[in-house]
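What follows is a pair of complexes built around subunit A, which joins subunit B in one and subunit C in the other.
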Partner chain A sequence: MELKAPLAFAPALRQLPVLLAGFVIALPVAIVVAAGIAEGGGAAWTHIRDTLLLRYLTGTLAVLTLTGALCLLMAVPAAWLVTMFRFPGRGLFEWLLVLPLAAPGYVLAYAWSDLAGVGGPLQSALREATGWSARDYWFPDISSLPGLCFVLACTLYPYVYLTARAAFISQSVCTMEAARSLGAGPGRTFWSVALPAARPAIAAGLALALMEAAADYGAAEFLGVPTLTFGIVRAWKSFGEPAAGARLALVLLALILTFVIVERQVRGRAGTQQSSIRWRRIARAELPRPAAIGAASLCAGLFTLAFALPVGRLVWRSLEAGTHSTRIWEALGNSILLASAGAALAFVLALIIALSIRKKGPIATFARIAASSGYAIPGAVLALGALAVITALPAGLSGFTAVAALAWVYAVRFTAAGTEPMVAALARAPASIGQAAQSLGATPFRRTFCVDLPVAMSGAAAAALVLFVEALKELPATLMLRPFNWDTLAVRAYAYASDERLASAALPSLLITMAGLLPVILLSRQISRARPGAAP
Partner chain B sequence: MFKKTLAMAAVALVSACGKPATEAPVPGAAEAAISAAATEGQVLNIYSARHYDSDRALYAKFEADTGIKVNVRESGAPELLETMKAEGEASPADVIIVADAGALYRFQSEGFTQAVRSDALEAAIPAQLREKDGHWFGLARRARVIVYDPQLLPAEEVDTYADLAEDRLKGELCVRSSTNIYNLSLLGEFIDRNGSEAAEAWARGVASNFARPPEGGDTAQIEAVAAGQCAAALVNHYYWMRLATGTTEERLTAAKTAVSFPDQKDAGTHINITGAAVSSTSGSPELAVQFIEFLATREGQAMLTSETKEYPIVAGAAYPEGLEMLPGFRQSDFPLADLGPNQAEAQAIFDRAGWN
Partner chain C sequence: MSAPLEAIAVSRRYASRAIVDDVTLSLVPGEITALLGGSGAGKSTLLRLLAGLEPVDAGEVRLAGRVLSAPGRTVPPEQRRIGLIFQDFALFPHLTAARNVGFGLKHLPRKQAAATTDRWLSLLGLSGRAGAYPHELSGGEQQRVAIARALAPEPAAILMDEPFSGLDPALSGSVREAALSAVRAAGIPALMVTHDPAEALESADRIAILSQGRLLQSGSAEEVYRRPASLAAAGALGAVNVFRRASLPPSWQAAFSATGDLAGFRPEGVHLDAASPARFSVTSRRLTGPLVRLTLEGHGLKVNALAAPGAAPHAGAETGVSLDPALTFTFASGET
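Let's look at the complex of A and B:
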């Protein structure tokens, strides 16, 4: 066991995998940053800076603020209710509320603009019920900034819901009982004990949701809301200046970096560690009747808005339109293949990074920041960066390399989505486990493999599923990097929707959602079992 | 950096895509109908801005007839143009298919089309609908029509484009954004025909009649008319046609509206095209011409328009199902190649007129 002397170089060696992981992720980002700084940005940049930059920046800030607020409002009360109380339908809502994660923002944007448009079923029903004409009333406009935020929050709140619920579940019941025995009511227990303790997890979930919101292209474009990401793609597409797009990407990156730093500060200050390892099944309090009805309707309303109504509309549209198109099924196969490849690569990278984070070295921090910034960069920009790297290789961008390149871009984009649940799992584990291992003389290497790895793995299965769903939904990079004759479901849905053929876009949109559903359900069940001491 | 690296990517792409080793026969041999045996095993790369299942059948038919393997890259027209700019000389594209003469003009002015001669195409396609040197060819027509609510407006109040700028339509008009190429091309024709000042006066008049700020596509404007939010909208005919031949719900929407082909007593209704060009980077332009000639056959025309509900261009080609619901109309004889150069001015006029 005592191999310390021959392994003197081991600390450096142990850092190698995480250094590599960070490098793989950071490369396309670094290229984009370099291009943004080194290249002038072209004539288009002057125009964009003078007339559009402010609009893009305020647009993105407003989208992040409003989407973040909506996510918290949607997720945290629901997570608290389903974890702590008994009310009709609780067991059902516990996992139903995760389902919206399966539908990407652009799919919800298509469905909601169809539902809420002036000719859509909601307004038609309103007119029929009241006898009003379309000019007699005000109706919320989905093609607007608040509309975009609503749509994004509908699909992104599950990130917060999942992390918040996991945190509430993992909290030692003893802490809460102590609070209660000291005379705190359920409200006070929530605000003073449970919420502060869950804050790091909620912040992590919110960070993921907001990075996703910042990188959204499909929904913002479809709903016509100018954001930085929309501007980045437009700089490439309409102005023909990828360098100007890279400049805009710098602005977005700076924003995200600020964001990551703030989030880490918040988490640092909140650093509560569970000291008790006494776990018991949570004794869910029975809610009095009016409150129970309120809780059930809150959950039902949330599920209806975020999932049942828009997805139901897609089902209706697909059935109505029928299908005789084989290319949708080809696209389904392509989507699953690509998403699996991307998820596998991202998973390995995420695991390496998560395991190294406890060491808090500069390299681990670098890798984690690289992953976070990758998550925040729109796929279109990463695709440009990845292309530059691939061309330096002799193989070029043919069928297989294009698929590999896409898997790479997916990994760069989504590793953060895998790292965060694993890190959260590690952070939730009582610190004393690791300390015990150390005091028993375990080497850092042994501690990593025999203590941290199994703990991280409890979050890893969840992470792998999240990664698969994310890669399946990715749109802009897939549009740019896919080889000839190669469509994915996301590409089909986007193409049909931009042709104003929502009926045709419904089926691929629905299939993306369905393909994403199974992993999401498994993920949801897995988490409710992940609590130590929970019934198997 | 991007351009250089992307160009490198393209070189690699081409070598990997495997251009045929045997270079194609003699240039200009297109009309000599290359036999399937001669073209067997060759590859044709198409950059298309269309996303129709019927196009797939079209490619399959061409492959079966000629033995030429067809590769397709589908994307929006601006994305395809930027991809080609990035790929530069090394772009694998042989044929470019996009909608709107204005969009074809953008490819041409960036140097990505080449002049080709084809007696078959020149005979089949009216001169008005193709570029005079053969840089691109119109293959299907679309008309920019007025869709209106017949309960609110009599037909004669919306039978010219000028009607849309009249005060009596105040607060009654739904139109999509002016950045859209269909509106740019329409105003481009007016600039040429009536002069910039008249075109601007018209745009101002239209903008002052908006029922709501421009949002959504043409379909959304028709839905707004059907729902009663506005009385008239300016749209391409096939958006109405698709609703009229669509699902039950869509047919109900179309049934609440009527279609007017403007300017029948005057210059005729503004039309535009879906067209094809031979890429300047094509290594086998004769295959590209052969393909475009196929699109201009009666069979090709029927397949090209069956799902899009555009009007065929070639005399004698069957109309797509449903188009008989629309009346015959007189189309403007404006040469579409003249639209492109007016685009920038048209956008400037729209911006000044407050038409977002």
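Let's look at the complex of A and C:
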């Protein structure tokens, strides 16, 4: 019998898709960095540097500090209570507390400024109850830096909550029992055992939340707080100076890089990997009555502030306003079209990168790093990069190129979100299945398509949904790159809110939030199931 | 100075199923008691009741006569001074070996705590590893840190949940010896949960056998092995041949002292004895390590025996067989 050599790709050819994927993802950032360094920034830059830069920078730093602190305060105690104790409504709160992730910051900003404004229901109720007039009392102003931080923390604390809860669930219960047998009460057990062990997970969640906070444009603009991202969009919008924006983007990127480094440092040398090989279901302690009521009200209060109240207000406003505006449905169609295009591109890129993960080598590593750093870069910055490419093209920013550019930016930003679940699916499958395929005579090509691909696909449905919704929520890049007079839900909500037509902004905001709920619920269920030791 | 830790008629139910059912057990200072049983026998639950990690539904847990657990009243684990050692060691991953050991010494002045920590580390041969984090330690070292951590605060008793089953078998022998001698030296009541009869017999002074939540028997290792209270207790500690007494060859009857219509004897109590009138043929012969396992057939019986390889006949041979009276027991057929 004649032995035929297996049909092998030339190694370099096999790496080509990954190289291409990495290049597509890294390009916009590279362009922005190059533009920021090389181009002078023009007259606008001198103006921005002398009058606004300091304000943007301190604004961003203050927003990050306060938002981070609020996120920790909201998320960590709630995660601890829900994981370790029994109290009325615990099972419900466990996943309800994740829901605020569904509403993007700008939607919460609209809802809260409607709620807490002078004419809003909160102040009206206060006046009615006390008989005061509007000048007789002080009421917190949402259109302020603390207001922005509150709104951002409301939507971003679930990142910390999820990672903290997962860390608390996955830590060996035995470790805590050991602490108690050594004379540590519940308080000391929390502070000196559970919290330090969860610290890296909490830091990772916080880093994610802060990256989102740094990328926020809609809420900061609406509430009038100058931040770097706000400045980038403004440099492009008001000054027509993308180069000046690129300069600001450099500052923002340096800031984000600092976080990533700090987060790595926090992990330190101390191990957090549990040596546990055996899991016991967490025996949740019954809380005494007053403490149980306290725990339930804390969780209920958090959920009300971050979700029930603002989203309830949006529902109310939408019902009141009705759907007379047909522009909403047009925008919905555009949103779905754009998000689908972006998700599809991101999906393909994520798949290419996920499948390359078992191959070691500089190209696969480059693509992976590109994808995960793309996730950290604000949409406004990526849009600047895409703009630079498009304006260099002969066609300029017209209908089709604009849509393609947007899909590109979405893909750059969210590919990492798609890579994660696929890599996880591949990691769950034993490495030996690939070897089994090889021992059965499968060529590398057949192995990729008949073994690895189907395995990765089990994580793909979740990935596709996440990608779609993230793209749907994205505001600043959409605002900068969309074709003329071509609105998405996010842009429509933004436009109405900017015109102080909050009633009209309610419906598109609500639709975005509804779409956002789907992956959030999926995520919440997955995480609670994936952990050994988690009670169902 | 040290007092016994006692469980008095304790029960624990989950959804009306008794996991621990009316167990009375006294742990004597200075002795290691092995709590032996299969999976789901309730061993770990009994340990958790003693430690105060779970409340009792009936009965009491007492230390030096003081009630620690009673229905509706549980002294929390941090106030019991009972040391715990877990199968997975449960070391605090963010603390060094020294700080793990020092964790329970918060009540001591800093200097004294450091001195105590050093003493325990060197006692268990860990002096060079004080600054290492748990993930930097080998399995055996982690185990020794866990033991030092549990013993350093001078607990009133120590409970070990499958303490050696997480270790490499080649390692567990030497680690076990070092660990248990430290526990014995502490002179406090000690309980070791295990599912391995060999480990129980080898390491413990006393053995308590638990099955389906009930205590089958407790006593010195020797006593429980040689005079099991029931067939189940006999089986829990090792292989046993069981036949109706009436079916045994007449020459074996004298080996059984007590009455009872079921006869049991251990494989190592079967002696190859050319002079015996009870003739059996060897149908299989397998090496099990130091000894050879033989299957003997004859008199309508199929008997398992253990013999030294030098003395064991080959398969197909015929031999006379007698029983060692010290390794036989009888039961009434009503009990199992």
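FYI, the second predicted complex is superposed on the first by the 372 of 536 C-alpha atoms of A that agree within 3 Å, B and C clash if a C-alpha of one lies under 4 Å from a C-alpha of the other, contacts with A are read in each partner's own complex, and residues count from 1 in each chain.
Simple rule for what comes next: contacts are C-beta pairs under 8 Å (C-beta built on N, C-alpha and C of every residue); 3 or more make two chains touch, one makes a residue touch a chain.
Model, not experiment: these values are computed from the prediction.
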First, second, both or neither for A:A197, with subunit B first and subunit C second: second
First (subunit B), second (subunit C), both or neither touched by A:A243: first
Which of subunit B and subunit C A:A503 touches, first, second, both or neither: first
Subunit B versus subunit C as contact partner of A:S133, first or second or both or neither: first
Subunit C versus subunit B, contacts on subunit A by residue: B
Touching partner for A:A179 - first (subunit B), second (subunit C), both, neither: second
Contacting residues of subunit C [partner subunit A, same complex]: 51, 53-54, 76-84, 86-95, 103-104, 106-107, 133-136, 142, 146, 149-150, 153, 155, 166
Contact footprint of subunit A on subunit B as seen in their complex: 1-3, 5-6, 8-9, 11-13, 15-17, 45, 51, 53, 56, 71-76, 78-79, 81-83, 85-86, 177, 211, 215-220, 223-224, 226-229, 239, 242, 246-250, 253
Complex contact set, residues of subunit A against subunit C: 172, 174-175, 177-185, 188, 192-193, 196-197, 199, 269-278, 283
In the complex with subunit B, residue positions of subunit A that touch it: 31, 34-35, 38-39, 113, 117-120, 123-124, 127, 133-135, 141, 143, 224, 236-238, 240, 242-243, 246, 317, 320-321, 324-325, 327, 384, 387-388, 390-392, 395-399, 401, 479-480, 484-485, 487, 492, 495-496, 498-503
